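The next part holds the structures, each set out as structure tokens.
The two complexes that follow have chain A in common; it is paired with chain B in the first and with chain C in the second.
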Partner chain A sequence: MSQAAADPQAPQPLPRWDAAAALAVVGQPHARASALAKVTGRAAYASDAMPPGMLYAALVRATIARGRVVAFDATRACRLDGVHAVLGPFDLAWPGIAVRGRRLRPVIDADVRFVGEEIGVVVADSDAVARVAARAVDVRYETARACLTIEAARNADAPAIAGTAAPHNVVGGVQQIAHGDLAAAERASDVVIDAHYSTAAQHHNCLEPHGCVAQWTGEGLTLWDSNQGGHLIREALAATLELPRERVRVVGHHTGGGFGSKIFVKPYHVIAALAARQLQRPVRLFMARREEFVASHQRAPTRRHIRLGATQAGRLTFIDEHITGQAGPCPLFAINAAGAANGLRLHRADALHARIERVLTNTQSPLPFRGPMVAEDIFCLEQAVDELAWALAIDPLQLRLRNLAEVDALSGLPYAGKQLARCYELGARAFGWRASPVRAAIAGGRARGSGVGALAYDATLYEPSVATLACTAQGRIVLRLGVADIGTGADTVFAQIAAEALGVPLARIDTHWGDTADTPRSIDASNHSRTCAVLGPSVRAAAQALKAALLDAAAQALQADASQLMLHDNRVACRADPARAVALAALVHAHGPIERSAARERAPEGVFAAMFGAHFVEVEVNLRSGHVRVLRAMCAHDAGRILNPRLAASQVHGGFVQGLAMALQEERVLDERSGMQLNAAMWAYRTPSIADAPASIRFIDAGAPDGGNSLGVKGLGEPPLIGAGAAIANAIHHAIGVRLRHYPITPDKVLAALRGRAA
Partner chain B sequence: MTRIHAPRRIRHLPAHGALPTLRAVNTDTSDPPPAAASTERCLFLTVNGQSAAHTVPAHTTLAQLLRERLHLTGTKVACDQAACGACTVLLDGQAVFACHTLAAQCDGADVRTIEGLAAADGTLHPLQQAFIDHDALQCGFCTPGMLMALHAALQGARERAEVPDRDALAHAIAGNLCRCGAYPHILEAALDVAGRR
Partner chain C sequence: MTPFRLLDAASTREAAALLRTHAPHARPIAAGGDLLGLLKEGVAGSTLPTPQVLVNLASVRELARIEVDAAAWRIGAMVTLAQLARTDGLPPMICEAVARIASPQLRARTTLGGNLLQRPRCLYFRHPDIVCFKKGGSICAALGGPARAHPGALFAGRCRAGHPSDLAPVLIALDAHAQIVSSHATRTLPLAELYRGAADNATSEVQLRDDELVAALIVPGRPCAQAFEKVAPRAANEFAWTGAAVALQCDGATIRSARVAASGLAPEPHAFDVRHLAGCSVHELRPSELACALVPLEPDDDVLAARVAAARLAIERALARALRCAGALHNPRSDEPPT
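Moving on to the complex of A and B:
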């Protein structure tokens, strides 16, 4: 899965589309392909599926943080009208989800490891009855001591949460990243910053809840599922249920938000499938909003002790981080709790060190959330870099420009493309960046300030990826992709690539996606800002192969040499005499279906592919209320070649708004005695509304075609979130002269900090 | 932009007494709501110009009636807590949260959903076209609610012979959450239709 690994089976890349390539369709602001379906209400989401005879399921969830279910009494629940089944931990041999040849714990069992864990399911005639019945199940527990915080789990007398020998519940040992001589670099430092930071748990809170509708027929299982990629769900579910892959079909044409939370098979998939099989009826199992918070995962809270040093001239000498992430109860998901590599590759320094500890707790497992592990890291590290700049009395932008990394220090490889300097330059120019002292703009009880923050994000996940293109009997081109439409524009940009490679108008291409029954396996899931980079080259190669096949077929029909032919909209014509032509439809009639597939091109070797960016932000702090408003944001990104500038701008807007919310307002609030979440409601968890968004967010394309693949593309899904936080926090410091190191920077923290400064 | 408060879109009933209370939201109490014990209600409804009588359990929400009985699944239910606006429809011309409007409250009412926003011949409403042109959507789950809320606001402004400005349009959708954060393009599209661009 890593780009450093040899990739000998994959085909050689096609000739590169470099900066000078004359492209007609790629790079144009074409309208989103699914937009018409979405504005008319016709777009089909998994939660819209209602097969005849469908029943409604609701999960029974644990109300204690750690212990065992000793009795699961469904008597009261079963008495309710319309209840079909109540299944608890002792009623079925629930299987564990199969992951890479291993089995996780059963999807329902008597062990409770966090508040909200699945302990049973009710199936009923309606959603209302199912939910009422789920609450009417009488559960008796044997409670055990739970560890709800990192501190509690690390205590010398804390219980072993995963039941394995992990000293102080630090799972997998302490991870070390070490590059360069730290002691020597410290000695060479004139100034050292030493500060503690933290980030909070952030919920994905997708508008379309997690869930699926499961139906068994003679062919097997059909699952309408809200996910980020159906093929991975299908494979994991087939393995879990011990079915041949062909007997599982996963359908999800549009997904109402994922952000990393809908990549993997989760217990509800398996529970819905088994309940539907048990009852011989289709079963719908979607989460209520409360369950989206308490049991649909989140970004892990982290603590970070950051030290960094520089010479008086502003040369970065070292970065040394000690990071602790809250890892939840399951060692397998603990990896998502914390990381540091992308922060460390952002700037050049003599020594780069990090110690990462992932601490098991009785809280739900962390799962990837847009820029997973990286946003937490760079939100904090880029504030520390800003602290260093102010300590040195150097303009924060200047300090960053003086420490541009030429090679990736951690791998020792040159970058496949790096336009970070251009991000700084274009972003600063568009923003009107100029150095000014802190607290320079205070008037009428409000203080304004500006901040900058940079970001890096590795582009290092690859897997087998196939795209298929076919010409139909109607003369249309059908592009088949095994992806989901999560709103990123995958429905649009791949057709642009195909149209470009074929030389036909975009309107001639129909893209099919979202159903494993009629698509090839194109990607595990749309995550890690890589769908374009992984799948794009396959689409182009398949288009070139289809074009060659069409020209060959036409050469026979027209009695001409294929090299003298061209594809022109709905026909193939002779270059010399365009009137001599044959319609695509006629070719298919004569030859039968013409279809070509292509696999992903070979991953780059000897280079390190990564995305970069720099955000410039102006904020206004209300000195009486402590409320922070972001007034405007200039987001300069190096995302390689931009396939569609309009959709790219949408990604940047959305990423920035989500990052803004992570920086200023979103946090999970847990009762630290019971483990109950206190803000598990849409109105209590501060999801950003239009009132929170800045008046202006601008995307500045500071990139250039990248060397990482033949299309020159990188990603833009996650970087806009990653770059938002530190730029905002640094602007707050610039406005009020106080550092706020603990995200989210809510008004109470701002007021307390202002009072502390005044005192 | 001035500070915006979400418009209130839960329709309150004249005191009937006989109707059950709204379903409890996010209370983790052990008392089940009286959903299972509810009785049937008969109501007459005009939806997107089509009138019909419906008999539903009294606890049925307008959103459930639209989605599960009439298969008008363009109306989305995202939070079911009257807090995100995804289920916004027009009830006698007013934007309401369909997830917290009981169907029984709507007897004799005229309901318009996203499926009824375009003209009968399929011609898109200017807001729909502007949403496409400005890419004012990403995953699309909030889009029907956004469109209905904006439509109500623009209609209301027209009746008052006003041209809504940026703040007024933002206010109109301050109760509609877009988790993808498409707000800048949504506002551009709305300003375009309002004639402010």
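Moving on to the complex of A and C:
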């Protein structure tokens, strides 16, 4: 994704909505605009698109971890009734996806880099026939030695996975993040924690699988697609197919989960488009559930060696992390394997250091996953901070309060807003936090414990982002946004902002999104917890501009000065005499369409914008079975101004449970002989059922309007996941007195730790 | 999914006849809770051929009946789990087990017969691109793989999968018999016998011929002290690490006969040898010691050690509840309501 350079054309911020602003619509718990459509099944998803004459495609996927396809025999597959085409690596000049002027592996290719990679496609009359035919293709391979783990890939005699010279398959060199004098800080330390942690692969496993329907009309391509932002998909697809972007239209009104996996163009987009062009019929290509696991990317497994130091008084002296991420076979995606910056900025310390290595492997490439690279980091680092507190015999909450950072150490900037202390205070009060020794609550074979974990997440991803508002001939206000609604409430909150700025009831506003043909180019994708913070000010600015235009138009009609007029529901009226009014519909009738657009406001300068939070969790550990149950969670967040508390709480519920899943359950099981994923199914890849979720997950709004933008909003999409893991793990330690450093914390690890074996 | 023909059977006998006519390419389908998953995923092999004909048992009304007389319940194989749960008077641990199976949605559709005859949940068996012993391979593919991949394995044979049915141990503990119908005959055998040799049987977990159907389960009506306990990785929608069923027949406080069986531990529903409990007093037995003795394993692998812990816990809890129940039956002052 692009991070735009400073844009001198960007408008100046509007007057800030500060804490004293009297807002009528923003901040209210309005119901999700699409709620009824979703629960009644009327909401249109990409998979509902069924253009006439549509054919069904299924991918042929490699069953080896590394090597080459030497024969792709479709004889048996072609013989099946209803098969229209079987295309392998040698049948078309498949292009690679265009990324920043480079090309990835062709979307179908003989070169195989992990089990499940795309080596062919079948197009047939039905999904069932396509899938049977895909299994009937006889493929012969020349296999090569694969490296399925970080350890295997780092071996001295390991093959070079990407074919480039990367010593020990460490791609892109070793990244260093450094601040302060580490050696001096180490010398000043009375206590040092030195521990090894790890996190596991986490699959996005969206309820709605990846997929699209592609249709050509003449030279134009329409793609109904499940994504996190259609404009970026459109641009990358146009670049890949070497088409002018005007000839590509991407439609995706609702998205059944993305979590970071549906930001980028993937091979299936390109394959569906090319197959549809080849066959001159619309083609539908959706992943089966198994494919969601084996070839739809994931959060990378990481290893972490963490050292922390402090003085006896509990002053944090240094944080030093050596991190290794499992990077998959593609150097361009390796950056997603591991990171550290947000963990380092969470607490004040004299010296900060991280050394990050990303190791190429013959497993899927990592892609962003809700709190990408940050959740892994903070799950582990916040446990290490807890270890430090226990080593110092200081209450874990106290230790954190003693090390609040006033400025962002890595950028040297003050924060645009930071309410972490308030998160600690309100969270602890709501939870009833009090210091107590470990193993203090054991009865009947069960141990209870409490834990705290904090989080920081940068809000730095800005880019041009246009919103358009228009008044229709029916007198309604139409808000057009070039975003997807990935379930976070984009269908609702921007209308709230527009209604607030215009001074009209929320019900007068219709939000259009999800179709590149009738929306402006807003942000790349809904990611990095930024959609509200980046696009929200544009919506407000467009609303201000539209309001001014409507008042100007009405001034003529009413023979009054615009400054004496006001918008009132579906008309413009004189302030002094509201009976003197003109209907919006009449204005449009007289003047033609009235429409205004606005780009995002300038990114904040001289401050560092970031989200913060603190989670307080109580768990119960069954000492006989090793099973951990989270009883309750108090999630205090500084997300700036909350636009809609109902949707905010919903984000916290979902995010916390997804973090609980990562902390306690989600685990990819690979057969290390073949590289095949063994649990590529919903029933076998465990995520929490409702019965596993805590009885109470409470969102506590500990924020205040932020200085990062004129609305004062930050984000809340990812922080609730990021804060969940360490709080749970720290509560487990408090309950049983043993530290579990390797996620997910499954019963076998708990029992082994209780037996005194390596934790 | 490979296309198949779906043939509605009008009677049990006709269903068996259709299976015979189309053998070996036919299989019966109840609700399809397991079978459709296997077909959709393409799980197949030389001992697990993809069927060309499915004989639909949903059209056989007589298979969905529950009957009772003085001696026994006769529960048709097509009775749904939800139907079991709302039938008054059934042995209580049947309902206890049903409440822990899958989800309300699946319980509304899936059947007793389907539950008893479901295939293993071993991740190697379920992988479409891996050959294993149960799909015609010469050895168990899970050997040498991670223990997480093969639920079971504590009491293994050539296959290392755990049996996934929670109702199987319950019905074995209750001394149920399976009524098996073929195109020309009917036979009845103890349910435990139906599963004999499952660990070394490459084609199935049960002793059924191609043209045979489980038509009903005969469950003795005599009351006994009983309990079912399940330990599983998740609270719902989950297969058991162990689902333990205990049934005790007592004279006063003395155990006349005991039956203990468990899912998840072996390729068949594992029936423990507890003959030594006959003659013991319900007050002198120690559930935790008994559970340890029944699962006398100390594996080095942490995952298997956790499976042992789960097995002992489930058995201990079920034993403890059944013993309390037996104690209450003969001692009316106890708080525990008799079952």
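The rule is simple: the second predicted complex is superposed on the first by the 748 of 759 C-alpha atoms of A that agree within 3 Å, B and C clash if a C-alpha of one lies under 4 Å from a C-alpha of the other, contacts with A are read in each partner's own complex, and residues count from 1 in each chain.
By our rule, a residue touches a chain if its C-beta (ideal position, glycine included) is under 8 Å from a C-beta of that chain, and two chains touch if they have at least 3 such contacts.
Since the model is a prediction, treat every value here as computed from it, not as a measurement.
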Worksheet item: Looking at the overlay, does A:Met676 come into contact with chain B only (first), chain C only (second), both, or neither?
Response: both
Fill in: Touching partner for A:Glu667 - first (chain B), second (chain C), both, neither
second
Item to complete: Could you look at A:Pro51 and tell me whether it touches chain B, chain C, both or neither (first, second, both, neither)?
Response: neither
Response to the item:
Per residue count on chain A, the busier partner among chain B and chain C is B
Worksheet item: Is A:Arg290 in contact with chain B, with chain C, with both, or with neither (first, second, both, neither)?
Response: both
Worksheet item: If you stack the two complexes on chain A, which partner ends up touching A:Val657: first (chain B), second (chain C), both, or neither?
Response: first
Worksheet item: Now for A:Ala128: first (chain B), second (chain C), both, or neither, which partner does it touch?
Response: both
Item to complete: For A:Asp748, decide between first (touching chain B), second (touching chain C), both and neither.
Response: second
Practice prompt. Based on the superposed arrangement, let me know which partner A:Ile690 touches: chain B (first), chain C (second), both, or neither?
Written response: both
Worksheet item: Between chain B (first) and chain C (second), which, if any, makes contact with A:Arg624: first, second, both or neither?
Response: second
Worksheet item: Do chain B and chain C touch any of the same residues on chain A, and if so, which?
Response: 63, 128-129, 131-132, 135, 290, 676, 681, 683-684, 688-691
Discussion item. Give the list of chain A residues in touch with chain B in this complex.
Written reply: 31-32, 34-45, 47-48, 50, 63, 80-82, 126-129, 131-133, 135-136, 205-209, 254-259, 288-290, 485-488, 646-647, 649-651, 653-658, 676, 680-684, 687-691, 693, 695-697
Worksheet, complete the sentence: Within the complex, chain A is touched by chain C residues 1-3, 41-42, 103, 121, 123-124, 126-130, 144-146, 148-149, 231, 233-239, 302-303, 305-306, 309-310, 312-313
Worksheet item: Considering the complex alone, what residue numbers of chain B touch chain A?
Response: 1, 3-4, 6, 23, 25-26, 28, 30, 32-33, 35-36, 57, 59, 64, 67-68, 71-81, 83-84, 86, 113-115, 117-118, 124, 128, 131-133, 135, 137-144, 147, 166, 170, 173-187
Worksheet item: In the complex of these two chains, what residues of chain A are touching chain C?
Response: 63, 128-129, 131-132, 135, 290, 624-627, 665, 667, 669, 671-674, 676, 678-679, 681, 683-684, 686, 688-692, 746-749, 751-752, 755, 757
